[in-house]
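Shared between the two complexes below is subunit A, which has subunit B as its partner in the first and subunit C in the second.
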Partner chain A sequence: SVAEIRSGFTAIKANIQARDPIRTLSILSYPHSLHKVKSSDRCCITHHLFNFYVDKVFKHCKTEDLYVNRKISSIANSFLSVRRRLQQCHEQNQCMCGQESTEKFNQILANYERLNVTSAAMKSLGELDILLNWMEKSP
Partner chain B sequence: EDALLPVPQNISILSINMKHFLTWSPVIIPGEMARYSVEFQGEYEREYANESWIPICECSLITATVCNITEDISATVAYNLRVRTAVGARRSKWGTLKGFFNRITTSLTPPLMKVIADGYHLLVELEDMGPAFQFCVLYWKKGQESRMQQKVVKEVGSVVHLDTMEAGPDYCVKAQTYVESINRSSSFSQTQCVRAQGGRSVWL
Partner chain C sequence: SGELHCSFPNPRNVRFESINMKNVLHWSAPEGTGDGVLYKVKYSVYGVGKWIRKTECRNINRTWCDLSNETSDYEEQYYASIKACLNGMCSDWMETTRFNPLTDTKIDPPVVSVSSTEKSISIILTAPEKWKRSPEEESVSLVQVYPGLQYNVSVLNKKTKKRWFFSISNNTLVVPWLEPGTAYCVSAQIHVTTPLLYSGFSKEYCIATLKDKTA
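Moving on to the complex of A and B:
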């Protein structure tokens, strides 16, 4: 559940963010914050972002710290579980992707690809609370 | 020589109320103290991280034959678990749990509950079973089961006020747990009935 993702992330947030030296760039918030997303686009963006984290981010976040790795595993497996539910919405056409959400997600990908893969992955993981806060904030 | 160390047998999971334990039979090695190490692999590791395994440091080179894996089984996905024997620098092959473990199969027991009549107030005290648990409390006037009322308790902290009672009739209460992350409920607890009588608490 999202609460479990948040508790897993809170346990390693400081450690992960300390590994991100680039403070001038954001993956999820540049140039427009996620909060400027229409409610009709929320499901699509959430679905895209869950795929993004599962397919691109977590695998490049291995650290030398066993505890951190365990928590990342916990978050990644929780993502799979939540994504499965989002997938059901997507299959029932309740998760339509408009032009704006596609553009916004492409911007996030562009931000990600601007950095080398490890830095981008670690920064994205460090910004997980931005995603969680946005998800929990009702439209 | 490693292959000579016996692999732990009878590897199984004991999971009750979202607390999960891996257990196995002790490995007997004459003149030696067997130690054990446990690793887990979630669906993510299988599908996206080259089937990697993650050690559980609290269960690394332990002498006990049980490991609390609750903190690592933190998603409703299928997990693999394995354990091996260690003596000095020697290691056995891994013994792997037969089949996956998914926390959705945990056994849910009815909650411990204490019903209190505090004057005319009907109160219930519920067992704190951890953040994953919510409670559904049903209460009714004895003989009026059709007018049963329900209260959902999301956080167990203090005593929960259910109702203000009339003097005379018995009031009955039962409760079940609900775990949102696996979308399952326990069976109901035994029913407990109390009666209000002036200022005195009365148990029936």
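Moving on to the complex of A and C:
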């Protein structure tokens, strides 16, 4: 569940963010903040982002710290279960993707591709609180 | 070139201390340095990265700097950095960890007001307000900031020492079927479910139920 993701991330947040020295780039926040997304686009973007984290982030986030690695894999497992539920919404056409959400997600991918894979993955992982704050914010 | 030579010891323990989103940067003086050390402060918005000098905290000798105004957008994250200088020598810039006002602030307990009848007490809880620039600025309750804000309420019968706990989402609670002419003490705490945040418990507010007129 999202609460498990939140508590797992809180336990390793300082460690993960300390591994990201780049202040001038954010994967999720710039140039357009997630918080500016229309509520009608929320489901689609959430679905895209969960695929993004499962497919492009977690697998590239190995560290030398076993505790941190265990927390990352438990977060990844929680993402997989939430993604499954989002997948059902998508298949039942309750998760429509408009032009704005597609553009928004393409911007996130562009930010991601500006860095090498490991740096981009670690930065994305360090921004999980941005994703969770946005998801839990009332529409 | 007028560049200051940097071999001065670094400020220590640089961090944000935040209560109700009043975000104040704190640090400890460099080890082994006495009086006369002056500090400079800069901050940046994560993702933008451009460092901005905080002019009101330029060449100060205290070890804190209020950055509430600069970090008031709680949908952003921030870094701040401190440099210490003395007699033309200065330290490195020492940075905070990434500061997220929404998850990293502490919350004050709610204000509790109580009233009573013969057999019940009514409790009204008021959550603290988010920090604001000036008294004239519109108040924003933390209830508006945290959709998942709830209250844990403790009610103690002073005579029997029996205690009840309630967890409520709205800010009013009526506790029925109480003993007339008895003192009850109420204390409350804020609990935010996401992100997970707890305030401390408020001090106890005591009130007596009215005496039974028929007795």
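Please note the rule applied: the second predicted complex is superposed on the first by the 139 of 139 C-alpha atoms of A that agree within 3 Å, B and C clash if a C-alpha of one lies under 4 Å from a C-alpha of the other, contacts with A are read in each partner's own complex, and residues count from 1 in each chain.
Going forward, a residue touches a chain if its C-beta (ideal position, glycine included) is under 8 Å from a C-beta of that chain, and two chains touch if they have at least 3 such contacts.
Since we're looking at a predicted model, the values are computed, not measured.
Engineer: Thinking of the overlay built on chain A, is A:8 touched by subunit B (first), by subunit C (second), by both, or by neither?
Structural biologist: In the superposition, A:8 touches subunit B alone.
Engineer: Answer with first, second, both or neither: which of subunit B and subunit C does A:69 touch in the superposed model?
Structural biologist: Touch status of A:69: first partner only.
Engineer: Between subunit B (first) and subunit C (second), which, if any, makes contact with A:58: first, second, both or neither?
Structural biologist: In the superposed model, A:58 contacts subunit B only, not subunit C.
Engineer: Of the two partner chains, subunit B (first) and subunit C (second), which one does A:114 touch, if any: first, second, both, or neither?
Structural biologist: neither
Engineer: Taking the superposition as given, does A:32 touch the first partner, subunit B, the second, subunit C, both, or neither?
Structural biologist: neither
Engineer: In the overlay, answer first, second, both or neither for which of subunit B and subunit C A:79 touches.
Structural biologist: first
Engineer: In the superposed model, which partner reaches more residues of subunit A, subunit B or subunit C?
Structural biologist: So, of the two partners, C touches more residues of subunit A.
Engineer: For subunit A, which residues belong to both interfaces, subunit B and subunit C?
Structural biologist: 3
Engineer: So in the complex, which bits of subunit A are touching subunit C?
Structural biologist: It is residues 2-3, 6-7, 10, 14, 17-18, 22-26, 29-30, 33, 35, 126, 129-130, 132-134, 136-138 of subunit A that touch subunit C.
Engineer: Taking the touch rule as given, give the residues of subunit C at its contact with subunit A in the complex, in rising order.
Structural biologist: 44, 46-50, 75-77, 79, 97-98, 100, 102-103, 147-148, 193-196
Engineer: In the complex formed with subunit B, which residues of subunit A make contact?
Structural biologist: My answer: residues 1, 3-4, 8, 54-55, 58-59, 66-67, 69-70, 73-74, 76-81.
Engineer: Taking the touch rule as given, give the residues of subunit B at its contact with subunit A in the complex, in rising order.
Structural biologist: Residue list for subunit B touching subunit A: 40, 42-45, 47-49, 54-57, 71-72, 74-77, 79, 131, 180-181.
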